[in-house]
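A, B, C and D label the chains in the order they appear, each numbered from 1.
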Amino acid sequence: MLELLLFPAFIIFGLSFIKSDKAKRLLAFVSFLILIPTVKLISLPKPFHLFKDYLVVDDLNAYILFVSSIVGIGVTLALMTLDKHVKVSKNAYRRFYRFFAIFWIGLIFSILSNNMGIYWIGLELATLSTVYMIKTNHSTAAYKEAWNYMIVGAIAISLILFGIILIYASAKPILGEDAMNFNLLLAHAKEIKSSFLFELGFATVSVGMFVKMGFFPMNLWLANIERASFYPVAALFSGILESAIIIGFFRFSKIAMEINYDHLFTFVFIYTILTIFIVSFLIYRAKDFMRLFSLSGIEHMALIALFWVSGGTFAALLHFGAHAFLKPALFLSTGVLESNGKYKIAGALKGYKGKKGTIFWFLVSLFLLAIISLPPSPMFFSEIYGFGAMIKVAKSGDNLLSMMAAILILLILLSVIFYKFVEVYQSMKYEGKVYEKKVYVTELFSLIIFGISLIILITSPVMNYLRGIS
Amino acid sequence: MVDFFIGLFLASLITALFTTRLYRLLVWYSFNSLTLGVLALLIGIKIDDNAMLITGIATIVIKAIAIPYFLKSFSQKFHFIRQIQPNIKIQYAIILIPAILVFTFYLAKPITHMIANNSNYVAISISSLFLSLLLMMEHKNVAPKITGFLSMENSLFLLGITATNGMPMLVELGIFFDLLMAIVVINLLFRREEMKNA
Amino acid sequence: MFQFDTLSIIFVGLILLGAVPNLFYSFGYLPHIERKIHYQVHYFAFILSMIGVVVAGNALVFLFFWELMSLTSWQLILTEAKSQETIKSARFYFFMTHFGFVFLLLFFLIVTDGNLEISFANMKNIATTFKYPTLLFFMLVFGFLSKAGAVPFHVWLPYAHPEAPSPVSAMMSGVMLKVAIYGFARFLFDVLYPWPLEWGIVVLVIGSISSLVGVLYALSEHDIKALLANHSIENIGIILIGFGMGMIFDSLGLETLSTFSFIAALFHTFNHMSFKSLLFMGAGSVLHQTHTKNMEKYGGLIKSMPITAITFLLAAISISALPPSNGFLSEWMIFQSMLGSSNITDMSLKLAIPFAIFALAMTGGLAIACFVKAYGITFLGLQRSKNAKHAHEVNFLMKLGMVLMSLVVISLMLFTPFYISWFDKTLVSLHHVSVYTKIFPNGIWNMHSVAVHGGVVSPLILLASLLGVTLLLFFGYKALHVKTRIHHTWGCGYKTSAKTQYTATGFAGPIRRFFNWLYKPNEHFHTEKIGQHETKFTDSNYEVHAKPLFEASLYESSKKLTNIASYWVYRLAHFEKTRYAAMIFNLMLLVLFSYRIFSHEFSWATFALESIVMIISIKVLIIGDKK
Amino acid sequence: MIFYITTIILLLLLAPILLSFIKSLKMLLLFKRPAPLLQGYKNFAKLMQKETIVSQETSSITTYAPFLVLSPLLVTMFFLPPIVHGAFYVSFVDAFTITGLISLSTFFLMLLGLDSASAFGGIGSSREAFISALVEPAMVLTVFSVSMMAGDLGIGQAGVNLAEHFPKEHMASFLFAGISFFILLVAENGRIPVDNPETHLELTMVHEAMILDLSGVYLAIIETAASVKFVIFASLFVSLFIPVGLEYSAPIAILIFIAKLFGVAIAVAILEVNTAKLRLFKVPNLLGISIVFAFLSLITFYVLGA
């Protein structure tokens, strides 16, 4: 099974060395292969031991890997017409795929791992390969940002590892070498004697992850990177890489819940509110699509984290799925939206002729409205359930009023974001001048894939599946 | 003996903070890695763990010798600026470094129930983490930043070795693999730039 | 999932009564709209979503349709987005609905414990155990009344409603606001039932202020649709006065009075639906012909648009609460319920209610003034612009829509007992006593107040006698065969022209001047004088704009605040470009330090120490020295 | 029933005479030669014979509105309190309806003013709208207060109740309400100091400005409406605030009633002679006094009475 999972990545890696024009198309279609094993994974009986105790498939990571693979396919589809919108060399294409293969391998390891160490290794692999993907854009800004990403990412990743070792140190006295095993750790979390050491470790891990996801105070670096790199890379960043991080956060916080729920909740709550506070005002001032979407991505990641620690597992996963489909879709459409006259928000949705054009602007407006959780977007439901979970926590705690105030502030901050998005949407649709713009079939196709996935997400089998994940 | 090397580790890191030359920085990094390797070997012998011995040797080979060498060759190939001036004032740094140490010891005080039964190791690791961050933030150039990142990696290992008596073998090898991968990527990053300039 | 109890049914009835005539009107209006598909899709979705809201049986469905309603209405405002003004007001509208939604969401989450699929009855069980019911009440107030357009959440209304296509304005003002009232009623009755006295007073105060503020700003408007939108605020205020009285009586245990007040509120809800829809349709027809919303450009339209003019007159009489219209009857009921306050034993409350009476009476007087202005300036006199001269009657479907809606108005007037029995049943289903037999103790001719020493009114007799006397007079006049001569209006020897007529601005002048302290209007007076003469001029122009007080104080300042906050956040965020390592350093320091002192052992001393250390560290490492 | 119809006919007949009476009394007080008491009838007869001049700028509103101005007032006549003990009165109409009917009449009068397309009509309507908007709250509050004291909101019943059991314990409230109502009477009927019915000067006109373009029968109708309105207010005032004399036998009671009406007319005339017309923007001060008295009346009723 593991071979099957890794096989497409290896093929892509191999094919990327062929210097032929056909390779470009071939690569895109080969990348469809990544979907097959992930579908298989979902149908397997859980938990399924993929590779001893190190890689174990359960409902949670099968779901996340599946979502990621759909995103991967969508991104590679849109990649085919990248050269129509921006200047890009042929070599860059192949290199992109080469690193995409490495990225995918790293991702499989980190998502499916049942071991903190393996998780980290996969994550590091994926991170390092994306560093190079940024560089496919030959601009000074991209070069600078690639370095930036290299260093900040390295710090963040190191912090995660540091935290992992601290956690390991706290659990080793009871579990020995197996203290890196997530499942075992979860089962024996109550027995950990030095809870303070564990919490230090957890805090460090979380800080690392939060920095990596662009939470407070590092809110703009991801946005800048996504601005500087090509849009499919940005889509990969927000769609897939963050899913690898968030699953780690899911697992670590699950253990931390067992140790001391109050500390965990307070920590994450304060942190995410701080993040959303800053992000909402940054969004309020954002002037181009990339930054806007990337900042809103941070907002959604913060919400997912918050929902998860509030016990709204279902809400967090639904929100995660919706975010993972919506954000890449928007990033990919940015490529088309910005192809004439960069950074222009006013009138960006105007000037699309013909059937393709109509479908395109229609889909993009749907996505834009879905991201601010208007019904029937999955985000509408996930936010309701997520906040419901938070209220539940608030009710069971002692300081109900302050919690309510905090939640209210949170909701008001989200309204600020809402306001900005409505403004952006209206400006795209109703302001500015009309230019003729072109949309290509493959991009449209990838957007449709995302759209369909979103619809599938709110069908009852999927909802039930997500409810089943605890 | 272990304590002595830990002290040496910390000392070399602190010295690195005050260095103004790139090569000397690399030397200090190399020395820092060397102490780490020796520590691994010492502890490995003490608790009779082969994995630790392998880690120690790999550390010495990769971190103390190979990486500084690569970095030096990069710097020659890509013409780094070798004059590196810390942009945090020395007056501040003098206060800051002891403050960090005090803080981390304060932080680690409540830690109990450890394998090595000595929370000071954790404290020193955390403080070396902070010091590495300090190293990164006091330089603007890329090369010292990379060195800072590598020292961070060292401080992780220090934690792994002293506080937990070594991580599982697979994980450690994976980490080494990633480190090498990082070096490759750094190399590629530099090379692209050079190609573009040429 | 869905429930069809009496309350839901009567609101479904309300929506249908509002929607069906509107449908015809809308089809007549359609050729005027460019994006037909967009319009129609959203139009029907809008109607469906409103029905969905009122029949929703659990919170999830309710919220879903509620948001859908906001979404579609927002898109409908944008149907003809040509000007920046429209875009801005649509945005404002959507933001305000979202703002309300936030509170609703919070409310539902609290009363459902996060499981949004439970029924309303179960919600009540949870709500009763909740420690702060007043919090829940205020969430309802914020959530629903911001949608209904009560003060101080009304500012969006005069912006949003005028910008929508006219059938939609009619729908939004006439029907959508009522859906918000439905929500307010539904959850007050079903979830938060035993109400403390204070809640009723809060609703009463909001209602009184809304009615006054609404009508005052309506008077100062020259934009006919904005004028009508401001009147919606007023009428929502009146409904809330009735509602608040009902709540007060209920908490005081005066059951019959309470039911009576609620019936009055519901009746006014229906009436407002009917006449406001009709008014907006009329305004839409006028706009359709003259292509402007500015009343100063109208005039004399009664000659070219008789059907529009007559239906508009009917609605104007009704909204001005003049007998024997339906508007008068509901306002009469609300007055009667307030007279019931003499039964209250609480002296301070008893002394406070006359203020509400004062507000309502004042509102009535000003509403008459306002509709004389609206009707007189629009339909009477001479045409003030070219467009008004070339106006002619609208097409058949639009006329049909207006006529049907006036039939609704008339039916509310004629079949009052029937409607009231319906409302009575609703309140019985909401566990209130029935008062139908007390209102109509002997037949449908006389309508009694349930208050002690209450009044009586007999709408049908009144209508019949008015009609009879008028016709008698008219035919008497005809029988006289008076010789009639046609001549010009006397203009003091000058020629009578459109320019010498009174303008809308002029008409509202005295009242505006009297309320100057409230309006704080922005006046522009410009005269081109001839030579040095003080009184001779070639050209003179006077304009006055009153910016709503609430907008200036509440909304602009919060916007300013957001701007300032975002500016500082933006500046702070930019440190990370150059100082990211220092940022992470400080972050780590903060997090670990906090964990150490908060989770291990807490003392204020260490907390203070942490703060100091953090401040120094941030100053030194991130902000650095000034260059 | 016979008294009921008699009363209505009597009031209708008295209406023009009362206004003429005020006028002649004023002239007398100003040492002028007084106009005859039947001047109102003379005017009416003259106007009925004249042709009607209709402005071509006006619309169907001008054709119908005069009837609609008069008819609500005529309907109101039927709802007034009885003047003789035991006489029939209408029990199914209350004070709010009567204020509503009066407003309805005013509403059409204001439309009439705007319909003529002249500047005068606009002036009149605008001022009338301003004044009647301020009259409304005072009216409602006064009515509220009186109905409290009378124990019924139905105007007929209230008149009877007050005559039978005069609320001596509420004398203060009663007085306040009376003052308030008297001010309303002056304001609603366009008497000095609110309006001057005798001049045609644009600075002072309110009522006259609105009807400036009417002539012939239409003018007669409007003039009748004005006099009927005055008689309604006067009779309301005497029935509610001077509820004496009903207990006597019918002819005496009617005589007392007529005397009371003339008493009101005298009071108005004396007031008119002794005050100057207020500037339009000073009128709210007067109406403000009325509102305050209405409030005071209600509050004293509550505080002292309950």
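Side notes on the structure shown:
Following the convention adopted for this analysis, a residue touches a chain if its C-beta (ideal position, glycine included) is under 8 Å from a C-beta of that chain, and two chains touch if they have at least 3 such contacts.
Just so we're clear, the structure is a prediction, and the values are computed from it rather than from any experiment.
Using the mean of the Cα atoms as each chain's centre, the chain most removed from subunit D is B. For the pair subunit B and subunit C, the distance between C-alpha centroids works out to 67 Å.
Centre-to-centre spacing of subunit A and subunit D amounts to 78 Å, using the average Cα coordinate of each chain.
If you average the Cα atoms of subunit C and of subunit D, the two centres end up 35 Å apart. Averaged Cα coordinates give subunit A a centre that lies 43 Å from the centre of subunit C. Among all residues of subunit B, those that touch two or more other chains are 107, 110, 129, 133, 136, 145. Residue positions of subunit A with contacts to 2 or more other chains are 151, 155, 159, 196, 200. Touching two or more other chains at once are residues 581, 584, 588, 592, 600 of subunit C. If you draw each protein chain as a dot and join the dots that touch, the picture is not a line, a loop, a star, or fully joined; it has some other shape.
Those residues of subunit D whose C-beta lies close enough to touch subunit C in the complex are 48, 51-61, 64, 67-68, 70-72, 74-75, 78, 91-97, 100-101, 103-104, 106-107, 110-111, 113-119, 121-123, 125-127, 129-130, 132-137, 139-141, 144, 147-148, 150-154, 212-213, 216-217, 221, 280-281, 284, 291, 295, 298-299, 302-303, 306. On subunit A, the positions that touch subunit C within their shared complex are 148, 151-152, 155-156, 159, 196, 199-200, 203-204, 206-207, 211, 216-221, 224, 260, 263, 266-267, 277-278, 281-282, 284-285, 312, 369, 374-376, 380-381, 384-385, 387-392, 395, 400-401, 404, 407-408, 411-412, 414-416, 418-419, 422-423, 426-427, 429-431. Listed in rising order, the residues of subunit A touching subunit B in the complex are 54, 115-118, 120-121, 124-125, 128-129, 131-132, 135, 138, 143, 146-147, 150-151, 154-155, 158-159, 161-162, 165-166, 168-170, 172-173, 177, 180, 193-194, 196-197, 200. By the touch rule above, subunit C contacts subunit D in their complex via residues 300, 302-303, 306, 317, 320-323, 328, 332, 335-336, 339, 342, 347, 350-351, 354, 357-358, 360-362, 364-366, 368-369, 371-373, 375-377, 379-382, 445-446, 449, 453-458, 461-462, 465-466, 469-470, 473-474, 477, 480, 482-491, 496, 498, 500-503, 506-511, 513-514. Within the complex, the subunit C residues that touch subunit B are 579, 581-582, 584-585, 588-589, 592-593, 596, 600-601, 613, 620-621.
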